[in-house]
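Mind looking over this structure? Questions follow.
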Amino acid sequence: MSRKISMKQAINEALDLEMRRDPTVIVMGEDIVGGTGAQGEDDAWGGVLGVTKGLYAKHGDRLMDTPLSESAYIGAAVGAAACGLRPVAELMFLDFMGVCFDQIFNQAAKFRYMFGGKAETPVVIRGMVGAGFRAAAQHSQMLTPLFTHIPGLKVVCPSNAYDAKGLLIQSIRDNDPVIFCEHKNLYGLECEVPAESYAIPFGEANVLRDGDDVTIVSYGLTVHRAMEAAAALAKDGTEAEVIDLRTLSPIDWDTIVESVERTGRLVVVDEAHPRCNLATDIAAFVGQNAFGALKAGIQMVTAPHTPVPFAPSLEDLYVPSADSIASAVKRTLSPKGASPRIAA
Amino acid sequence: MAPVVGIVANPVSARDIRRVVANATSLQIADRANILLRVLAALHACGVRDVLMMPENGGIRAHVERGLMRARGSGASRGEDIYPALHTVSMPVTGTVADTHRATAEMRRAGVSALVVLGGDGTHRAVAAECGTVPIAGISTGTNNAFPEHREPTITGLATGLAVTGRVPPHIAFAANKRIDVSLVSGANGGAVTEMALVDVALVTERYIGARALWRTENFRELYVTFADPEVIGMSAIAGLLEPVDRDESGGLMVRLSPDGTCRKGITTLNAPIAPGMMARVGVTDWRRMPAGVAFVPEVTAGSVALDGERELSFTERDRLSLTLRDDAFRTVNVAAVMRHAGQNRLLTGTPVPVTSAF
Amino acid sequence: MLNERIKPIVMPKWGLSMSEGKVTGWLKRPGSTISIGDELLEVETDKITNVVEAGETGVLRRVLGEPGTVYPVKALIAVLAEPDVPDDDIDAFINSYAVPASEDDGEAEAGPQYHTAETPAGTIRYAKRGESGPTVLLVHGFGGDLDNWLFTIDALAEKATVYALDLPGHGQSNKQIADPSLSGLSKAVLGFLDTVGVERAHFVGHSMGGAVSMRTALDAPGRVASLSLIASAGLGEQIDHGYIQGFVGATSRRDLKPVLETLFADRGLVSRQMIDDLLKYKRLDGVDEALRALSASLFAEGRQASVLASGIADARTPTLVVWGEEDRVIPADHAQALANTAQVAVIPGAGHMVQMEAAGKVNALLKDHIAKAD
Amino acid sequence: MAQNPFPLGKDELLKAYRTMRTIREFEERLHVDFAKGDIPGFVHLYAGEEACATGIMMHLNDNDRIASTHRGHGHCIAKGVDVHAMMAEIYGRSTGACRGKGGSMHIADLSKGMMGANGILGAGAPLICGAALAAKVRGDRGVGITFVGDGASNQGTFLESLNLAAVWNLPVVFVVENNGYAESTAMEWAVSCDSYVDRATGFGMPGVTVDGTDFFAVYEAAGEIIRRARDGGGPALLECNMVRFYGHFEGDAQTYRAKGELEAIRASRDCLTILSERVIEAGVIGRDELQAIDREVNALIEDATRAAKAAPLPTPDDLLRDVYVAY
């Protein structure tokens, strides 16, 4: 049965279903139950934004509040995964990885290779990413490129509730460490989601819109900006193909290249900072592997190379907009788009 | 010559297995240093201007020195010293009991008037082995402490200061103490080892030292005590709960325990606090007084000897073991008597006369 | 104002989730004389593109639906009337036409569009249309669901009580298949009929659903009033193994699209939504296992395990066989297996999903067959 | 033969001796072969510290997990990791415990409960909290032991783990292997708290200090602590004071040590000598029996070294293999 639920509910449902299916799934994080040890209600918060609300009542101690101690509990989740559990550790804001990155990239990501293929570390580290929440520089970043840089990690960033549920279920069932990035500004977005369990395989981009004129590749929140841009462009007769990457590691190169080979034009949209991000990565790959198909220079639309500003007026400028994406598409279509030009 | 007080503070006492098996106290290094600062303040108040301290790497001295420095820097002292000058015995640090032995010997040679000892029974035993006639003022930090009395260290410091500055007559200020000498002559090579205990000697049948602390009773066979105080913790409590013997009376007590440690017919069963938080039922076969100067040869022919709660020696059927209690073996500051005398004579009503340092 | 001689052509509602459709092009010019079954125009929905056929006769007096424009369901897109109906009346009719309130609103009050039944084979989802007349049961094929009857169910419901179910392992029914054989599925279907209180029904089966229907007719002849076998399995050994394997194995749009294209004569009918819906179905827990179990049991090594043609030929059940001439999954010549005992119709220009690609023709055949057999 | 006064049977004593001797021989051999330039990279030797790993591991089974340090060979051997696979790994061979892709600092054998030596100091502590959590969730009475040097005990990971283990009441034992030196820096200088027992106390768990060169002291204290953890009594800290016979890594001239320091600890604090003299003196094991073990161990290490040198190198394909379980 399918009904409309929000991405937040979809994540909650995925955790619930997997905990029911597999007794080795445990969920831990700061305030994911909330109020542990305090005098008030059990399950007081259910996560800082209520994503895990209600799970404690269903699964009890398999939901574990942690001390504010990311190094310790992320490391514990990694260790537990190496010992046969399937922990889902919530890092609240993925910006906090700064204090536990060793456990993620030196431990979890490397066990399998470093131990000669004899280890499995099925841990999921989920947390919020992205700007637009008026949360300023340390709670708003899109740090996905830092994770995609690390071999051994899988990196997921859903753009809607349906994908969030299926990708989180796949993340939990996957035997590799997965960084599950939840854009906080998509939590409330609703769409049709089956009530049953389902897993969306990794490495399969979702083509949200077919078009023959230009390919727009993105993930997370900016997928919706790209769709807005495509709708606006369609009114002028430009049909954009919009690709939602869904998973960043592994990444679906085939879908991107096949599309560009058909459209001959590529706009890559990434909410991350402009240097060494998904946009540059994809542009480089397409440049190397589908150069002959390109009719125009590749355009990249990213956040600026600045920390995320607090002032709402500035933050709104920070995140790639539908207008900026549409403008980028138009640059690929203009005769000058064919040759690189530095804007005045 | 102005009195100098020696300080032996052991940073590694109270770190043994009894913290795990019996929730025993663990006194932090910073707290040990704070205790010393309180003692130092009390000594200074009595006119002691120089203190000689054992060096160690456990951090106590560093904390104390920081405390002295802060006191000098803060307005609390109004420019006046409130602590004596701190000197350290010049010797290498090994981190073992040998440090205590050597420091005590050096302090005795330097002519200290008293030794303030911070540690458990084991530390006090090490000091007693080398202190000769220098009186000991004991402060408990250890676990199984029967020997040092439990008391606020400031009072111990005051009593020591009053005693060494000569304001309390020695016959009141100092008390005599007993000890048990343990002699072990090796059957293999004829070599002899002499050890001593201040409170108790326990003979157990297991013949390995292991984690040293004694907390199991199943192999426990014989107990010899210098005094039997029902108010103290440890193996000597067994004796204290059978037949109390005071610290100041001659002789001690020996107790035989039932071989299997259980309660059989004809055997007295005793429930005793053998370690902090640990009550144990032991079967007692018999007990009797242990007169001073009489060598006792144990019935146990092979096993280990625990001195003041810690396994130290092991012996076999071929070895010869004997135990002898000595009265008047070493001296301690009688804190209770000094303070009573101080009160009765209002010793602390006037300003004490400063005595110039000899250092 | 109501003139019964003025017949509106409205945007059709194909399936329960359709709310609007795009007119892609007219196949008849204004002024043409129209007979029942004539192809009037093409409409594209997010699920499928299909032809709207005339349900009545008359002259195409007005064409209102602009190609390339999206209209809500039941919007007026053309008017049919006899030549003698005055233009003024037609204009007045058009001016006064109001799109009826969307059915969804009404149904939200009347209850859900789909129902579920707790049967011995687990939870079965089904749709029920129509209130009177004979009872018809629509049984979809391998990997399908009740939406395969998108263009069928409402047409039949005009004169029948029509049930369409999701077989176990399919659609939104229970995904566990206790017995992945034809008789296992047949028992599940009978268990469903028991649950909804139907003793006897006209069975309409597509592909594997046809074989399930035949199995039921052989095992429980009393419960099968007639058989309508559409591109049915069970009439010969041959089947496109590549299709079965491809369908079971596909996990991405890229893999699944060419597989689905083999189902239709016109590959362009495979829409993004159709692929997405099937992918969403295939991702559900238990579906992969169910499909693999069924394909191993029924189509191992690229051959149909059960050929029931001779049994059906011997039985007395009235039988209709319909095939798309360009069926690339099960060859259309399998229809001839029952040529001697059944009515056989092979429809040109249609593939395996003939009931969708040539809905008007198939619906007419079904209505006729059911009416005669009842 | 005299009655055995020890808390271990003769077979267990022989096993403990064999383990310690194997570690010593393994490390001594590496010391020699590294100097010859036979071994790639760098190695950190456990020689001198054998009583600690052995005294603790005698209480563990394969279901108990340990997280080791950069100085992990001794932990591996004591936990039962195959010596041939270890030696081959150190030589970077495809027959190595990690198929030549981990090296000395990453030897692991999860089937033996050995979760890996670790090149990141202090990183094992959070991991072992996870291992202990897994044991607790499963209710299988498993315990987790993490080893940390006196230097790495200052890492936030270690201190956070003490807190987490206490808060979650995990069956974890934190073993501080205090050999006095964080690389070249003295523990007395680098550790502000002076006593690891104080640190443990500050986190609400008991701490114990033992003479880490005395196998029996380690064995007995570890036994109590591990039993307590297994029974749900929660985490504890065990500080083993011990000595490092070689430098931080091979090639370290150890100029930071006092004159005569190394000679003194080798003479008076060699845990193997202490153990063998104790058991011989007690009349439980004959010197000849120990010498027989010495010969067997010697042959084992010789064979492991010879086999490692002769073993095939990883293939170029191995470069790209085993980054993920599924791609």
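To keep things simple, chains are lettered A, B, C and D as they appear, and every chain counts its residues starting from 1.
Simple rule for what comes next: contacts are C-beta pairs under 8 Å (C-beta built on N, C-alpha and C of every residue); 3 or more make two chains touch, one makes a residue touch a chain.
If you're wondering where the values come from, they're calculated on a predicted model, not measured in any experiment.
Any chain touching chain A that also touches chain D would appear here, but none does.
The greatest number of inter-chain C-beta pairs in contact is found between A-D. Most remote from chain C, judged by the distance between CA-atom centroids, is B. Centrality by C-alpha centroid: the chain sitting nearest the overall protein C-alpha mean is A.
With centres taken as mean Cα positions, chain D sits 70 Å from chain C.
Centroid to centroid, with C-alpha atoms defining each point, chain B and chain C lie 97 Å apart. One finds 39 Å separating the Cα centroids of chain A and chain C. Between chain A and chain B, the centres computed from C-alpha atoms are 65 Å apart. Across the assembly, chain B contributes no residue in contact with two or more other chains. Counting partner chains per residue, chain C has no residue touching two or more of them. Contacts between chains trace an open chain of neighbours here, each touching only the next in line.
Pairs of chains meeting the touch criterion are A-C, A-D, B-D.
Contact residues on chain B toward chain D in their complex (touch as defined above): 11-12, 14-17, 19-21, 23, 26, 28-30, 57-60, 62-63, 95, 205-212, 302-304, 314, 316.
Across the complex, chain D is touched by residues 24, 26, 62, 64, 66-67, 69, 71-85, 87, 102-103, 106-107, 111-120, 151-152, 154, 174-176, 203, 250 of chain A. Residues 1-2, 21, 162, 166, 194, 196-201, 204, 206-207, 210, 254-255, 258 of chain A touch chain C in their complex.
Chain C contributes residues 125, 172, 175, 251-254, 272, 280, 283-285 to its touches with chain A in the complex. Partner chain B is touched in their complex by these residues of chain D: 2-3, 5-7, 188, 193-195, 197-198, 200-202, 206-210, 214, 216-217, 219-221, 224-225, 228, 236, 239, 241, 278, 282-283.
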